[in-house]
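Structures follow.
Both complexes below contain chain A, partnered by chain B and then by chain C.
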Partner chain A sequence: MTKTYSLTLTIKRYDPDRSARWFQTYRLDSGPILRFVDLFRRINVEQDATLAWASSCEHAQCGSCSVNVNGRPMLACELLVENAVTLFGTTVFKIAPVSVAPVIRDLVVDWEKAYERVHRAKPYLIKPKELPPGMTEHRISPQELARYEEATRCINCFCCAEACISGNRTFIGPNAAMAGIVRMMDSREKEKEERLDLLYSEEGIYRCHTSKACSHVCPKQIDVAHFIALAKEGAF
Partner chain B sequence: MKVPEESQGIGAALLPILEKLPVLSRYAKTRGWYYVISWLHRVTGIGLVIALMVHMVTLWSWQTPNVYYTGMNIPARPFFVFLAWILSLFVSFHALNGGRLILYELFGMRGDETMIRWTFGLSAAYAAMVGLLVILKNQRMSAFFFWLMMFFAGAVTAYVVDSRTARGRHSLFWKLQRISGSFLFITMPAYLLFAYLNPGLADGAQTVVVRLQNAFVRVVTLALAVSALYHAGYGLFSIMADYASSRTLRAGVTALIAVVIAVLTVLAFRLILSV
Partner chain C sequence: MGKKLHIHSTSTCDVLIIGAGGAGLRCAAHLHERRPDLLIFTVTKVAHPQKSHTSTAQGGMAAVDPKDKTDQSLYHMFDTWKGGDCASDQNVVKKIVDGGWEEVQWLERKGIHFSRDEGGNISKRQFGGHTVEFGKGDALRAVFVADRTGKGIMDTAWGEALKGGSRFINTTVVTELLFNEGCCVGAVLFKVKEGEFITVLAKATVLATGGSGQVFRITTNCRNNTGDGLAVILRAGLPVMDPEAVQFHPTGIVGPGILASEALRSEGGILRNKELEPFMERYAPKMKDLAPRDIVARAIETEIREGRGIMDPDHQIEHVWIDLRHLPDYVHEVKLKEVASFFKTYANLDSRTQLCPVRPSNHYHMGGIPTNEHGEVLTTANTVVPGLFAVGECACASLHGFNRLGTNSLLELLVMGRYAGERVLSGLKEKLAPAPKGAGEATLALFTSYLEAQGKENVGLIRQEMREVMTRKVGVFRIEKGMQEAIASLIAFKQRVAKVAISTKDTRMNQELLERWELDNLLDSAMAIAQGALMRKESRGAHFREDYPERSDEFQFHTLVSMTDFGKVSFGKRPIDMGICDAKGEYYEQFRIMPRKY
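After this line comes the complex of A and B, so read on.
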């Protein structure tokens, strides 16, 4: 027989029309393998159609459903009820939007604002190397790729930036810093100076204090702190 | 999805203890153990800055032998002896954890869980050693010999870190923070230890004067004071820079920190050179 949990979800609400902020509590019974996005959807259908939340792929690939669950930034689309109960040891959850970007309504934040940091880190090849003579593509050896392949799993959900001890006022953020670092590790990239200028600025790696909260909360299990430490080590 | 819980390493051993503490448990669960340790590093750092300021201002106000003699009765009281012992815990934890961070960031040592165990283990061992010396009160060591050893060890550690930071294009201030930190890693616990190795000596102003008149001890004391003040100043700046997003506020607080550190540096020079 499937186990049923009696859940209490206290959600931080925000109404931009009235500039009002408040906490609202919802109680619902749930099976163990419902995800938190499923709970939000059920609240919309059964209790409160006005609750706003965001999601897109719902397969932990787009990062648009990041929220704080009992103070821990997580993807609502991959957090199962039974995993949440195991992790926090309770069926009472306080859910708030992430603080890396301004809140638009309830749990929905302005991701474009958050993405501005990543855009500044230019997560693409700025100046690709010329193709070797007679070749139609660049070749990267498996050994070379293994050094940074883990970092390419980043989906920019900003959970790391949310958890960081430096906060997100003055630090470009772990994911944006890593986006620059991983491109420097890519042998196809020629441009390094521009990336180093950002990394070694006051909003770059000097704001990282190696609290490793980024690695702890990353839904993709990327050791973000390791990549930032490579820049501190002077590996580039 | 992998169940996000601490199932191995330091979490397995220490998380059950942390879970019983009301404030720490929340952060250990939501941000991880290293986050809690980072906050402990900050808290102990701020505590040490306050202790350093109190120490320097107190010594500055006790410059005449009579005042010094009367004043030294205060730290001999049990409450202050206990506070000094707590300070040894702060010093050892901050130094060892700082050492761990330097090894992680600059030397590529990612075996953090082992290093954390060493940090806590050695902190406890150092505090126990200081506690033993406080109780015994009968240990003596030559100031010159002690500081020769410690200065040499501190200078070598600082040189190794300096040669490592040369690889990156880091800012000079950031590099100096790591270099001063590695020097203090050895010399600051040594400074505290020395007070308990020679408990009788600290009581007599004349003995302190004689000790500081030795040129080498004077140079070492100056190097220690300058390193500690720089490290304190940059540490405070670094914490402030995480929170102050306004350029004006940041510039204002930076200037304030710089002035306070400069005043204390002048005070340290005058105090040490006037002996």
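After this line comes the complex of A and C, so read on.
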């Protein structure tokens, strides 16, 4: 028979109607391979329908369900109970919304506000390079692509921005910076000046203290700090 | 009780796009490119367009490269027609297939990071059901972005819509379509985050709301795919086409249902039951584990039904095993890296040494809102609804017929997004039409009834039961008695949901309220699926009737289901277009009605 864990989830709540903030504790027994999103769903069905939490794809591809678990930003959709118990050495978990965006209710934050920084970094080709004569597509060697391909896996879950010791008020943030860096490295982008202006601006990469917390917490295992380091060296 | 619900404001725009996944944003990007002066609203249910379900598509996007001398569009059309079990519309198949490579070029110019071959050209891979020379050999037809093609497409379409100046209205759902003298003139939206109802008037409205996978217990679909577009269409008195055409992927990972790709079996993975017997030998003695999706799905379901499945104690779902233990480390670490990592992430299993749990998982809704090849929504009488369009998974043109080929969905959403955009432009009126009298009243009455309802029922519990019933009785196997029972259960659920009390009365980010509305949409979608499946007394593509296991020419038509009151449906028929065959061009004989045998 499978193992059962007796879990204590203390969840930070917020009710906009009463402007009330409080911690609420839920206790539940769970098998080892339920995920934290499954636990939230069970809380809704079995204990408290009012608890609001965010998710969408629930397989680590959309970055909607980021929360702080015992102070560490993580995706609730891929955190298995037994892994959480191993990682934190406890069955007691304190869960809070991420702080990179205002809280709307309970664990749900206003991602739109967080995304404003990514939009400032212009996540598209500002001036796409023309196709060479006679060609219908650009040629990009696998070696060239390999230099920045890892950064294109970013799902903007903002776990890196949450963990970043530079805070999220003065620094545009690791993921938004990376959105600009990728397009500096992409040979199809002609508008490099504007990108450099942002990357070296007041909110740019020199706000980064190189703690590498971003790489440490990235759920997609992207070495975010590596890309910021490249930008600091100008090695695009 | 809180404040009385009201329409907070009325806005106007040129084009209202509801749903900002791949299809919706491709449409938006096209409109911006062609007419930068237009004001486009793009509405999405998720917190930001990048969170859309399109991002989860893995394998690739089918498109015939005109530079490739071994492949041609007619081969791709044939594969799609055959794969769909002769239920795709050939005019649509032709139009979409012909538009494929232009989309690849568009994406590439806009910065998608396609995987490349050694020469720096866009790589292509083979995918099930895609052949050259009408089944003679495998086609290299799918372009891809590693194992995250959908994400590449989503990021590109989102970037271009943002660059073009789309006004994003996020965390927002459509609750009502507005009509004035038969024309769609906009919609009523519920802004979930703000808790506000708004009216938007537009010269054209495009629905791109995605799938309905949450109708089933195990699904690869995201939490938001609750059939909202289908429900809104049904409530507007319009039909849904081929709702019974639902695809189940044979190997979803237990419990979250995440897709474990065909690659597991093509690399030599073996399905085993409780006794560890390699059971596919009994169902497909020659092809065994490599048999087509539907055959494998039915074999797994049979094993489970006959007591040879295994119960997962955590998720309380029965499954079979896929055995990958005999495969060399290289296969685990390189060729199956991503899927193997899914087993590790979601089941904490090491595929090199442990058996991994899989079972059929709902994957794709071929059926949807009926449209023509331009994405214009059609009525039961096959006439165009002026001002209303539908694209992507919520729509049914129909490219996929009764069974979708892998990589054809990404193709469809891009090409149809662009085509619908083109049609929107050609028919764009000068002036906005006014809102009809009583606009929004139905929405406000509905949401007021949710907030005022009394009782002890629970949305989550009813949803669980509904998904269980639909999976068992209207899933991989269907039989008359089971479907009648399912329909009776759906009616009972509908009565029970009226007794759900919502404790949070504030409408801002009210998850209880949203999920209550979603449950109505799920029930409407489920009812249309079940009724369509009950009516269609044959087996075709993914629709398998145990009591009618063969395809029948009597049912060589599209089902149209309308539903005025819950459970009270009326059926219509739409002929299946045979345009390629009827044109009597080159190879036209390959486009006749034929058996689907591989």
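We adopt the following convention: the second predicted complex is superposed on the first by the 235 of 236 C-alpha atoms of A that agree within 3 Å, B and C clash if a C-alpha of one lies under 4 Å from a C-alpha of the other, contacts with A are read in each partner's own complex, and residues count from 1 in each chain.
Definition applied: a residue touches a chain if its C-beta (ideal position, glycine included) is under 8 Å from a C-beta of that chain, and two chains touch if they have at least 3 such contacts.
Just so it is clear, the structure is predicted and the values come from calculations on it, not from any experiment.
Participant: Where does A:A60 make contact in the superposed view: on chain B (first), on chain C (second), on both, or on neither?
Facilitator: both
Participant: Is A:K12 in contact with chain B, with chain C, with both, or with neither (first, second, both, neither)?
Facilitator: neither
Participant: Let me test your reading of the model: by the given contact rule, A:N83 touches which partner, first (chain B), second (chain C), both or neither?
Facilitator: Both partners, chain B and chain C.
Participant: Using the superposition on chain A described above, determine whether A:R120 touches chain B (first), chain C (second), both, or neither.
Facilitator: Neither chain B nor chain C is touched by A:R120.
Participant: Looking at A:K232, would you say it contacts chain B, chain C, both, or neither? Reply first, second, both or neither.
Facilitator: A:K232 contacts chain B only, not chain C.
Participant: Is A:K94 in contact with chain B, with chain C, with both, or with neither (first, second, both, neither)?
Facilitator: A:K94 sits against neither chain B nor chain C.
Participant: Who does A:T170 touch here: chain B (first), chain C (second), both, or neither?
Facilitator: Only chain B; A:T170 stays clear of chain C.
Participant: Shared contact residues on chain A for chain B and chain C?
Facilitator: In the superposed arrangement, which is not itself an observed complex, chain A uses residues 60, 78, 80, 83 for both chain B and chain C.
Participant: Flag every residue of chain C that touches chain A in the complex, lowest number first.
Facilitator: Within the complex, chain C touches chain A at residues 46-48, 50-53, 55-56, 67, 104-105, 108-111, 113, 115-122, 145-146, 148, 151-152, 155-156, 158-160, 162-163, 168, 170-171, 193, 222-224, 255-256, 258, 313-315, 342, 345-348, 458-461, 464, 502-506, 508-512.
Participant: Can you tell me which positions in chain A touch chain C when the two form their complex?
Facilitator: Residues 1-2, 15-17, 30-35, 38, 41, 44-45, 49-64, 77-78, 80, 82-83, 104-105, 108, 110-112, 115, 119, 122-126, 128, 131, 136-142, 144-145, 149, 152-153, 155-156, 183, 186, 188-189 of chain A touch chain C in their complex.
Participant: Could you list, by residue number, the parts of chain B that touch chain A in their complex?
Facilitator: For this pair, the touching residues of chain B are 1-5, 26-27, 29-32, 34-35, 37-39, 41, 101, 104-108, 110, 112, 165, 167-171, 174, 238, 241-245.
Participant: Inside the complex, what are the residues of chain A that reach chain B?
Facilitator: 60, 70-72, 74, 78-80, 83, 86-88, 163, 165-167, 169-171, 196, 200, 202, 206-207, 209-213, 215-217, 219, 221, 226, 229, 231-234
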